[in-house]
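Paired with chain B in one complex and with chain C in the other, chain A is shared by the two complexes that follow.
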Partner chain A sequence: MATSFKQIEQNLKNEARALLESGRVALVLAYTRGYDDRHPLPYTAKCASDADNIIFNEYCNANLARYLVRHPRGTKIAIAVKPADSRAVVVLIQEEKVHRDDLIILGIPVLGMKNHKTDEIIDSRTTGGLYNPVLCDILLGEEITGEPIVSPYDVLAPYEAMDKEERWAFWKKELERCIRCYACRKACPMCYCDPCFIDLDKPRWGEKAPGPGGNLMYHLTRFHHLAGRCIDCGECYRACPVDIPLHLFHKKVAKECEEMFGLAAGMSIDEKPALVDFRMDDSDAILE
Partner chain B sequence: MSFEPKILGIACNWCTYTGADLAGTTRLQYPQNTRVVRVMCSSRINPSFIFRAFQLGADGVLVGGCHPGDCHYNTGNLYARRRLAVVKKILEFSGMEPGRFRVEWISASEGNKFAEVVREFTQQIRELGPQTKFKITN
Partner chain C sequence: MLKKISVDKISDLAARLMDKGTLVAPVREDAGHNFRKITDAGQVDLGYYNTLMSPKSVFLPQKEDFVTYIAGRPLEEAKCIELNPEPTFLFGVRPCDVRSFEIMDIHFIGTGAVDPYWSRRREATTIFGYAFDLNRPAEPTDFYTALGIGAADPEGSDVFMILKGDELLLKAFTAKGEKILSQMDILSESGADDASYFDQTVADGRSFKTRFINIDAQAVAKKFEELFHNAQFWEKVSDGCLSCGVCTFVCPTCYCFDICDENLFGGGTRRRVWDACMFTDFTLEASGHNPRTKVYQRLRQKICHKYSYHIRKYGPISCVGCGRCTRSCPVNIDIFSIVDEALRA
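== the complex of A and B ==
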């Protein structure tokens, strides 16, 4: 049985207050109320009294790991993570963007969240097949056990069944709608490059104005840059103002990486992301 | 006019490019559709090179590197192998014909293999016809 959102919110407030009062952390990354309950905002609590502003409800979807890399190295940070977000934290630790010792991870086990636009349930099927964080110091609710594990890749089946002409027509139509606001890049915990390849002038990898050519270049390269690192939180899709299902492509790449290299992203801090690693016995068949 | 494919060949300096040299010095005949770009190692190849080549009108991309284990830099082609495998999957899922992208390990002594691969690949692209999906049209 999962702990209620109200209870988790209370636990989160208490932990945040205690951590800030004791001085063990300089800031706590959590959520606060936006203009209504459906639109919570990411929130940085910096002193014990800030802890009262923290909330947690079923619409708290933002992946807070996004905000870890913004602070100078060595800042002690406590971060509230849902199961998918905890994998993002693990990848950031693997990539040495943050140090494990600087973090206090407040894990939140959840059965399902809700998409604030559509009220669609976001459960283990859409967020990497997990109910509990893979890495945490303090668990803010009861560990969820006994729930059926559904493959996160099941949603891909209809797209994999399309033939290549249909699939091209689908992606062409979707990607042409992109307005290049870069919300996907801003929401993504793994997109921390500065500058991003698409912002460069030399070399100019793709057209910067919205248009079929530049959009394709931006998104295809982004799919590749996130290969073996994408932890399937689905924030790119929820952040997108024109609702392009980018998460489907990322999911497909994650699935292929898992099949080819036997490694799902962000499951253990002792491993490396798939593309910065190799094995002599990787099969050449993967290239055929 | 019949269709003449435009193929981008990316060859590593130590194996495939030297192999191509050997094919030339031994006077092997192969189609001229492949424009070869030399890079120092197959792991130098940014995946964006391949996407961009297709956008700028390439009908096929052929990548050549050292055999796994023979890399001049010991491990370069092992990283490249994983990276290019992902490129392949991305092209496939986006709806591009998978046959337009090929990776081959060709050592410096395999001039014959180089000519053979180029011949085969050119024929394959000829059959697939012009690449129109990614190509930017004005």
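== the complex of A and C ==
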């Protein structure tokens, strides 16, 4: 039986208050009410009384792992994570952007999360097929069991049915619509480069103005920077104001990574990430 | 002059306008409606609430090429790109967006440093404003009435359009508007009840409900001046801000741009490209110093520009309450809530 959103919210408030009161953490990354219930805001609680402002409901889709790198190293942080978000935290720990000892991970098992525009249930589609966080210190609700396991890659079927030329045409068409607002990289928990290559002047990697060349340069480079690192939270797609299905490329690469190396990013803190691991029996399929 | 046409004949009207010049109108796209140059009259789609991107790009395209050149060649060989806009009909602009053109005119014409690109396009364009549907509630993001704009205000439009059942009423408000309407023989004459319906709708639009608080320009400007150094306030309201540029790109009154030379393999173009104060490198100086390194400093700039500096320098608030920034924000930052919070601080 899944814990209700109201109960999770209460648990989150209680844990946040206790952690801030005891001084175990300096801040808690959670959600607060936005301009209405369907539009919650990411929120940083900094003192015990801030805990009262915390909410959690089916529209709290933002991946809070995005905000971890904003704080100076060594800041003690408690973070509320849904399944995919927990994978992002794992990758950030592996990449030494945050220290495991500085974090208290408040896990949220999710059932019934919704898209705020369409109200459709998005469970397991934006959580990498998971219902429970892969890593946490405190679980804020009953672990979810018995739900149908949906492969995070099912959504790829129409894309995979395309041949090489069709895929090239597909991406050219989709990426042409990009307005270069950079919401995708800013929403992505794995995009923490400062500066991002596309902002550099010397050398200039791609045109600043939207156009076929610069857009391809930006997105294809970003796609490849996330190979083996994307944790499938879907934030890039959700953040995109023109609905470019960026997640499809990331999923495809993640699937190939899993097939070739048996590794999915951020699933286990003890496993070496695909890009830093080498085994004699590694697949050579990538070279074919 | 008040005329009318059956809504199912919109594509015929579009075709006639295309005979007279360029037609820019809302088109249904994957993520929502957008203003596009119409190539097939059937594309015009009036089934929208408001467009995803504002219509500012009709006058200030995201990318505007000025000069092309070949690196290393003499200056005389560089070519200026000529701009001779043909008559353009901008069809279906909501009243709040029409108001944005007047605000933008201050910067591109009114200050005396006339931008020829903006002003020539503006002169060549006839604006067909389009009232919001008063039978449909406003989106929860909108607050144009709080900025003194009615849902059916014809001010600023050359022709203003109001939907009446399955008919579209079109009324000319300027000489430009009179001219084009008189050339459209596809339009029928209106009756007396059409005229009263038109006037009644304009009046009803003034009491139409969107989000509302009393926003006095001078008072809000002063409030934000007082709050400028209150880092706690700004950190609080910018807490979730990702510092991407969506809000500025969809905004009808954001006009910041960068002029850059983009050259590849020796061939170059000097062009104007939209920029955004929300980007980290917007204020990056040649020395490497950046006066706005923090997210709150950038969001403060955006809000204070619209609701404080702009008022002090030019008079009006540089926001029309269209709600686009809030609708497009990936983390639901809401400018109305920030202004509200500031006024109550």
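The working rule: the second predicted complex is superposed on the first by the 283 of 288 C-alpha atoms of A that agree within 3 Å, B and C clash if a C-alpha of one lies under 4 Å from a C-alpha of the other, contacts with A are read in each partner's own complex, and residues count from 1 in each chain.
In the analysis below, contacts are C-beta pairs under 8 Å (C-beta built on N, C-alpha and C of every residue); 3 or more make two chains touch, one makes a residue touch a chain.
None of the values given here were measured: they were computed from a predicted structure.
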| item | value |
| --- | --- |
| Superposition on chain A - do chain B and chain C clash or fit | fit |
| Touched partner set for A:A274, first chain B, second chain C, both or neither | first |
| Contacts of A:K13 with chain B and chain C, given as first, second, both or neither | neither |
| A:A187 touches, of chain B and chain C: first, second, both or neither? | second |
| Contacts of A:R167 with chain B and chain C, given as first, second, both or neither | first |
| Angle, in degrees and to the nearest 10, that opens at chain A between the C-alpha centres of chain B and chain C | 90 |
| Which of chain B and chain C A:R87 touches, first, second, both or neither | neither |
| Which of chain B and chain C A:H247 touches, first, second, both or neither | neither |
| Partner chain in contact with A:D284 - chain B first, chain C second, else both or neither | first |
| After fitting on chain A: smallest Cα gap, chain B-chain C, Å | 8 |
| Intersection of the chain A residues that touch chain B with those that touch chain C | 207, 213 |
| Chain A - residues contacting chain B, complex | 159, 164-172, 197, 205-207, 212-213, 216-217, 220-221, 223-224, 227-228, 249, 252-253, 256-257, 260-261, 274-280, 282, 284, 286-287 |
| Residues on chain A engaged by chain C in the complex (per definition of touch) | 34-36, 39-44, 62, 66-67, 70, 177, 179-183, 185-187, 194-195, 199, 204, 207-211, 213, 235, 238-243 |
| Residues of chain C touching chain A in the complex | 29-31, 52-53, 62-63, 140-141, 239-240, 242-246, 249-250, 258, 260, 262, 264, 271, 273, 276, 279-281, 295, 326, 328, 330-334, 336-337 |
| Chain B - residues contacting chain A, complex | 47-48, 51-52, 55, 68-69, 75, 78-79, 81-90, 92-97, 103, 105, 133-134, 136 |
